[in-house]
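Chains: A, B and C, in written order; residue numbering restarts at 1 for each.
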Amino acid sequence: MKLKHIVESQQFTVPKIMELFERTNQMKKIVARGGTRDYSNRVMATLFYRPSTRTRFSFEAAMYRLGGKVLTTEQAKEFSSEVEGEMLEDTIRIISNYCDAIILRHHQEGGAKRAAAVSGVPIINAGDGSGGQHPTQALLDLYTIYNECKTLDGLSVAFIGALDDGRTVRSLAYLMSKFDRIKLYFIAPGDIQIKPDILDYLKENNISYALAKNMDDIINRVDVAYQTRIDRNRLQDKNLDLSVYNIDTDVLQKMKYNSIIMHPLPRSVEINTAVDTDPRAAYFRQAKNGLYVRMAVLSMLFDEA
Amino acid sequence: MKLKHIVESQQFTVPKIMELFERTNQMKKIVARGGTRDYSNRVMATLFYRPSTRTRFSFEAAMYRLGGKVLTTEQAKEFSSEVEGEMLEDTIRIISNYCDAIILRHHQEGGAKRAAAVSGVPIINAGDGSGGQHPTQALLDLYTIYNECKTLDGLSVAFIGALDDGRTVRSLAYLMSKFDRIKLYFIAPGDIQIKPDILDYLKENNISYALAKNMDDIINRVDVAYQTRIDRNRLQDKNLDLSVYNIDTDVLQKMKYNSIIMHPLPRSVEINTAVDTDPRAAYFRQAKNGLYVRMAVLSMLFDEA
Amino acid sequence: MKLKHIVESQQFTVPKIMELFERTNQMKKIVARGGTRDYSNRVMATLFYRPSTRTRFSFEAAMYRLGGKVLTTEQAKEFSSEVEGEMLEDTIRIISNYCDAIILRHHQEGGAKRAAAVSGVPIINAGDGSGGQHPTQALLDLYTIYNECKTLDGLSVAFIGALDDGRTVRSLAYLMSKFDRIKLYFIAPGDIQIKPDILDYLKENNISYALAKNMDDIINRVDVAYQTRIDRNRLQDKNLDLSVYNIDTDVLQKMKYNSIIMHPLPRSVEINTAVDTDPRAAYFRQAKNGLYVRMAVLSMLFDEA
């Protein structure tokens, strides 16, 4: 199975995921040795219509550690002289002449799919709209779980926070459901709970899941607490006590000794900084894995092209 | 004849153009082989006071395929802490210490000329004001015509659309008029027709030309239909039927079998997407030629310095 | 003495400064030979929360001439999806996974210090708030004085202009006071004179200094006239004659034949362009030294890590 574009996390089969994680382990070793020059003829473009310094740097650093070159946009939308009726498709057709891969963050759901349909070079979806996907984030999340828990089967995972607009959570839920005896918990206020399409998908695939309004009776039995940010402005007039969704040292005490806490970052108040020094705080290791996973994804696409 | 700076298309003599196109052909082969590292010690800066992701990426990719390094600005104007009375000249004097060539897009007509007057390294004008020039665009346009039509003599070219503020059209008209038995048509509503300075230049050089308000009786005999975008907001209160300037499959049928359609892109509605698959639709090949022509221009400036 | 981070100019002892300047001289030779590839495995990130094309290009060109790679932001603040309560510390923890050094320009005084406290890789402060520091600017200023005057002892230096919010002046005053028999003059309208903390520092260190409202009786005896920009908007309702702070050919005539004029640039009206051709106008040489000094700082941090 060869992949030309990375548009959504469902594209990955379990063998392909395992092949990618093997490659990711190799990339860790390559970075420790100072990188490779194997891809020094390759040029990657980051075409970001919504800014994200962290995600952009993660991809660009991955390309540099592979020996390649980078074309970069910080905010393509604001800065392109984008005209009435201008087509993303035309932009992709043009830019694909100039590089060997395009990392696309687009503001519209489906943007990456449209780009892939016309591109002469691999497209990697780095986020398309708030209801879309961000598959390399899901892959690095999954790799982190694999690396920390040493298995992907039989795990209990709690997703906590603003789950309705969480590309990250959506993509990871799809990926997790490919593994055996998974149990997923979605912990959020009703207004921002996970959307029904994900639950329908889980039902169809016989994945065990539950919804909850707080962490009680759940946080003590999960292997992974995947925390996301709640935009407090969105919910401010709802009189909700959002602090019940925060992870602090009290919550830590309830968690299993071998569980982990993840977060796609940036965080706001939802994980107390006192948690950072606990060995279960995996979110900075998770961010670092982004480099290795993205090196693996890029090199895989280049090698299989 | 050696060029230090590329400020306007008139600088190029016919022998120099032909030398550049020979070099462009070599660059095509170099890219097919994966690029060169001959210019790996060179640093190029793209100093863009007006954003243009496509043009910027085209130059930067050219530099990368030559093996070089890139300093980049997406929007220098907004982002420089530009102060009252600050001089473009000072900025150029400073930045020319840091690189081996500066690609300048400036918002004022004459900006490139001012920069060239003080720069210690080559300046390439990548657009200076709407009434200015964009000479590498004209060169890639001319190269495309040469490549598609196999000659630059005896051609009929129709320029269609907003011709008054078209840097591209202006620069190309200057270049075309250097060749033999050229016939130029300018097709536009009266308000946005080509400016008199270009027509004066054509008269002085005994170039045959004609103005028209629509394509009838012209489109069927041209070798090149060079379409540009009409900003509909500018003309919306004029009660004009702008659709007569669009190219669709009906117009295609009237065109010669060996003619070509060009467009500097991005397009809006003025070329119907149904035209894209016709072999005469040359605009995506034209965009791709930008990479090779810019590699040729850069390497020529470096070699001749 | 090894430096891990460059946060403020006081970190540098006189022997360390002299070691750095020796390294700077070597870098000049390396650039003349076309740069080195000794640092080709290294990746540097410029994380600028306030835009500055000149300073950013100076660092990035330095990294390129050392053979390295560059992750770049033009305006990280506006473009990061920075959220309520997001921590600079988290951003630094993440980005330090992706690179070998971070060049930070932050809008808050103390930003660089906070970053250095959590970063796994060297932080170089490229300006932190208007009351903060910009130590590599001070180092290149000092190197320029050393290079032009052939000594750093026994010099008279006049700082002229808006001295209250001048990071540059503050950092350089700290550095100059490490040398023998220095005499500093601060020439500014009362409202924007140098802040008391600097004067307290000078008193404690027995450095001779004087304040003045104009250049009379001072400009004729200084070795260095360090001119800065006065933001005229800030003082427009004060009925002050700001032209007395300008340097023009009349002022030049009063200056010593072997003195120099410096300016951190960009300038506005405060140095007349007629001064540019005088051999004492050192400000463009000063800007060029930024490349060499930053190459020296970067390579020193990499070598000592």
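As a convention for this text, a residue touches a chain if its C-beta (ideal position, glycine included) is under 8 Å from a C-beta of that chain, and two chains touch if they have at least 3 such contacts.
These figures come from a predicted structure and were not determined experimentally.
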For chain A placed onto chain B, the superposition rotation in degrees, Cα atoms, nearest 5: 120
Copy pair chain A, chain C: interface residue numbering same or different (half cut): different
Chain A and chain C, separation of their C-alpha mean positions in angstrom: 40
Overlap residues in chain B, where contacts from two or more other chains coincide: 72, 74-75
Chain B contact footprint on chain C (complex, rising order): 34-35, 50-54, 57-58, 60-61, 64-65, 72, 74-75, 229, 231-233, 265-269, 273, 284, 287-288, 290-291
Footprint of chain A on chain C - complex, ascending: 41, 43, 45, 47, 69, 71-76, 78-87, 90-91, 93-95, 97-99
